[in-house]
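Structure first, then comments.
Labels run A, B, C and D following the written order; every chain starts at residue 1.
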Amino acid sequence: MGLTGPYRSPALGGLAVTLSTEWAVAWLRGAAEVVAENRALLIDLDRAIGDADHGENLDRGFSAVVAKLDAGEDPATPGEVLKNAAMTLMSTVGGAAGPLYGTAFLRAAKALGDAVEVGPHEAAAMLEAARDGVVARGKAEVGDKTMIDAWTPAVESARTAAAAGASAGEVLSAAANAAHAGAVATEPLVARKGRASYLGERSANHRDPGAVSTAMILQAAAVAAGSVNL
Amino acid sequence: MGLTGPYRSPALGGLAVTLSTEWAVAWLRGAAEVVAENRALLIDLDRAIGDADHGENLDRGFSAVVAKLDAGEDPATPGEVLKNAAMTLMSTVGGAAGPLYGTAFLRAAKALGDAVEVGPHEAAAMLEAARDGVVARGKAEVGDKTMIDAWTPAVESARTAAAAGASAGEVLSAAANAAHAGAVATEPLVARKGRASYLGERSANHRDPGAVSTAMILQAAAVAAGSVNL
Amino acid sequence: MKKLINSPRAVVAESVEGFGRAHADLVTVHPEPLFITRKDSPVSGKVGLVSGGGSGHEPLHAGYVGRGMLDAAVPGAMFTSPTPDQILPATIAVDGGAGVLHIVKNYTGDVLNFETAAELAEEEGVTVRSVLVNDDVAVEDSLYTAGRRGVGGTVFVERLAGAAAERGDDLDAVAAVAQRVVDNVRSMGVALAACTVPHAGVPSFDLAEDEIEIGIGIHGEPGRHRIAMEDADGITARLLEPITADLALTAGDRVLLMVNGMGGTPASELYIVFRKTVELLEAQGVKVERSLVGNYITALEMQGASISVLRLDDELVELWDSPVHTAALRWGA
Amino acid sequence: MKKLINSPRAVVAESVEGFGRAHADLVTVHPEPLFITRKDSPVSGKVGLVSGGGSGHEPLHAGYVGRGMLDAAVPGAMFTSPTPDQILPATIAVDGGAGVLHIVKNYTGDVLNFETAAELAEEEGVTVRSVLVNDDVAVEDSLYTAGRRGVGGTVFVERLAGAAAERGDDLDAVAAVAQRVVDNVRSMGVALAACTVPHAGVPSFDLAEDEIEIGIGIHGEPGRHRIAMEDADGITARLLEPITADLALTAGDRVLLMVNGMGGTPASELYIVFRKTVELLEAQGVKVERSLVGNYITALEMQGASISVLRLDDELVELWDSPVHTAALRWGA
């Protein structure tokens, strides 16, 4: 199954059995790249059912993350990389997506702890912690037409892949694919959370911008692990 | 020589050798009609080099003149008709055109005095008094791209026609034709008075709205006298 | 898109810098992270009031910083809630020892960012209470949704809670006044034309020459439904009806009325809407006791208007009339 | 054309009616002929100040009726000077025995109508003096033309002459203050998009997506020239340069600065222009001592801005700071 979304990002390395600090850095740089490339698309999706800033917000935030990495931040573990990113996102993205992605990366970092290498089960647990963080903050359920509609299938596919013996990279790849399918599936939904909910029935027939960006960011994680079947 | 302007108004009576109170009333009703019909044209001309209100202002003013006539105003002389109209125009038109046309009609009325019948020389004198009133108030000279560029040739033609033995109706007809030619001739001019002067060189290549409305109003005077060669 | 800006990303910083220079007698601008405080803050012993939200709604919130209103305003990016690292230092800066009230418009982003900042402020020893403004009757409220938006009523909450803080009420009392205002204010808006967010570069929605959006918010988001253009009196009735219904206004009620321009509406049109609103309220026996007409909470250059109605009582009238001295609202001072 | 109106010809009357209801504590609206007076007029012994002009420039002039500013405002039809039959009773109504000053923006229509009204008022025994405001440096002045237009400087003249009248100056002294302001104020404006007069129904001029009009007035009339769109700092420099040149400002001068919105410009953009204006003036050693930023003299919903600069002296600062209480300008009261 290949990713068919309009967003793509170049593969950065070979297939990863476990994930390293370099992987985490590559993930964030890759996420920044895919978000920048799709800034207009995300603004447009948000324009339809929101306030036309999602692409701008994420681009501003991930650019800041990259700027900090460029400035010579030198974290020792994947968890530290993600924690730094979480703090930057929290203080630069704003809007709903800022605290949600900030919490997601913070919880992901917490889940990884001090590990220097991340195996497939840890990768799945990391995604689950991130998702749980988003739910804890945003209180959305699957079907509310939010980024949770991408995160939850991603977590489920990651768990299934890990249980089936996949590598960490493959786990991320499975998650990204499921997130993308979940984002596509938000299209017919009527929003019950976030800004799109103000539109009522008029929110249907549009893809949720946060679900789409979640799929992009998870795809960047898989690409960073060298594990994407295009 | 026929009137070739875009504005026309139906003839109301037979050829008049002298002008009566009925003529004066017919003039004002005819002026109201031609102004109403050409409201959009006059707005458009004013939009190009002014503030897009000349047609609206004159339409409001002449409608008020007609409303007073309809309300049973019953003046005994042409002069009284014109004086009433002057007062109404002064208090309803506003802008530059209000005081200028108000003064024109007031001076015209004064020139006619108590006469019940107006002959060709009196008709020419009436127009001259009107023009002089506009000059006294507005201080414009021929060539400044204002209604004076219609009034002054009108007065000159009226004088010439009267001297040549024309009837009062023919005097008005000559005046109207000359006013129309004068209005057309404002097109290349750079405005030195009125709102169009703010545009400097950009005022060229447009016809002056007040000159055009002057030609229309004088045409209505001739039509009311049954004296227009179309 | 034509705007008097230098670059989309510089709009907020440059605009706030200009604001700070224009009102240097009233406010201090803290540039990094960005927030605005009352010149004389913290006011010792007074409850501090902090509000904020996305930029593009000016004069909200910075225009309401000053005596008798806010102690701090925290501007986010255009139409984007500010971040906790802005809200936290603003909160600390205006704590005069009596605690701080956060006035938060009910948007997921604003709620989450203020929530985080409040937690962090509490960790730093500042007592924080929050009040959520959710006055927009265009949005159907339900347990399962994000609820109603905060719009025009925010101006009233900031003013009246600010007046309560100024007279010396403690944090609970100030929060209670704010909540009372929230409970008694309802708003509804209309757009004749959308606005263009600088970073997006295109209008936030498209309307045909004969269409208007009823129930728009303040973020250029589309409204609840689209109808054919109507005259001002008809539109006014449409906006007012759900407000009076939701507030269950009855004869004898006294209200504070705001007819607010969305940024691109001539004042003359707002007064035409005001005229009809008063006429309709009076026909119901409702007395308009105080009013505001103008641009008080905007959506950039959006063409349209909103109506906000607050049920008054004697105490609220007294608080309203007390001195206020901010860039955008000033009397008695 | 979409507007919050009921019919083009009803706009002014309905709008002024709404204005009167909203500010019933400040003004009285006289409907037929239409003019607006200070609630407490005539103020015995005080010079009366009357201004007026076409409608569509709100808050000018009605928004400036009240203590420390105008005694009466006379609104014409949209963008059309009022008529003598409105100006005359307004003049008589505010004569408190000390005479009346007409503040007239220099447009042929305004000049002629006020002139006639002044003559008629004199016949009725009211002493009238007039001052012509002609601050627009976009217009080249010459003996043979209508001269410069009156624009933003009008707000300063009304305020400062109003303050002089309020402190008890006699008619000559009030007129002298007004003339001093006229002599020391210059303005210049830009439009990013035109406005639509209700009775015309189409925009007053057409601009391409990448064009702006420099040197526009307040009547939707085209400006002096059309240039390619620039950033805010560039446009600001273009507007300011002819002003400082004409005023011959030098280091050490103190000024009152207004950055005025034409009606459809977000406040955030005005503050960006303000920021640059202050920066440029300070670079010349000119001190911005007082300022206004906002919609003070508009052209309906036109998108754009104007800059007005008045050279200050101690007396003008004192007059500026004295209490003013009108619908649109208020402090110290």
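Definition applied: contacts are C-beta pairs under 8 Å (C-beta built on N, C-alpha and C of every residue); 3 or more make two chains touch, one makes a residue touch a chain.
Please read all numbers here as calculations on a predicted model, not as lab measurements.
A.B. asks: What chains touch chain C and also chain D?
C.D. replies: Touches both chain C and chain D: nothing.
A.B. asks: Just give me the whole-number Å value for how far the CA centre of chain A lies from that of chain C.
C.D. replies: Here chain A and chain C have centroids separated by 33 Å.
A.B. asks: CA centre of chain B versus CA centre of chain C: separation in Å?
C.D. replies: Computed from C-alpha means, the inter-chain centre distance equals 55 Å.
A.B. asks: With centres defined as the mean C-alpha position, give me the chain A-chain B separation in Å.
C.D. replies: Roughly 75 Å, centre to centre.
A.B. asks: Quick check: what residues of chain B touch more than one other chain, meaning two or more?
C.D. replies: none
A.B. asks: Which word fits the touch map of the chains here: line, ring, star, complete or other?
C.D. replies: line
A.B. asks: What chain-chain pairs meet the touch criterion?
C.D. replies: Final set of chain pairs in contact is A-C, B-D, C-D.
A.B. asks: Which bits of chain C are touching chain A when the two form their complex?
C.D. replies: Within the complex, chain C touches chain A at residues 9, 33, 54, 76-86, 107-109, 112-113, 115-116, 138-140, 144-146, 149, 197, 199-200, 202, 204-205, 217, 219-222, 224-225.
A.B. asks: Would you pull the chain B residues touching chain D in the complex into a rising list?
C.D. replies: Those in contact with chain D are residues 43, 47, 49-53, 56-57, 60, 90-100, 137-138, 192-195, 197-200, 202.
A.B. asks: Can you list the chain C residues touching chain D in their complex?
C.D. replies: Per the touch definition, chain C meets chain D at residues 1-7, 11-12, 14-19, 21-22, 55-56, 58-59, 63, 192-193, 209-210, 212, 229, 231-233, 235, 263-275, 278, 288, 291, 293, 295, 298, 300-301, 303-305, 330-333.
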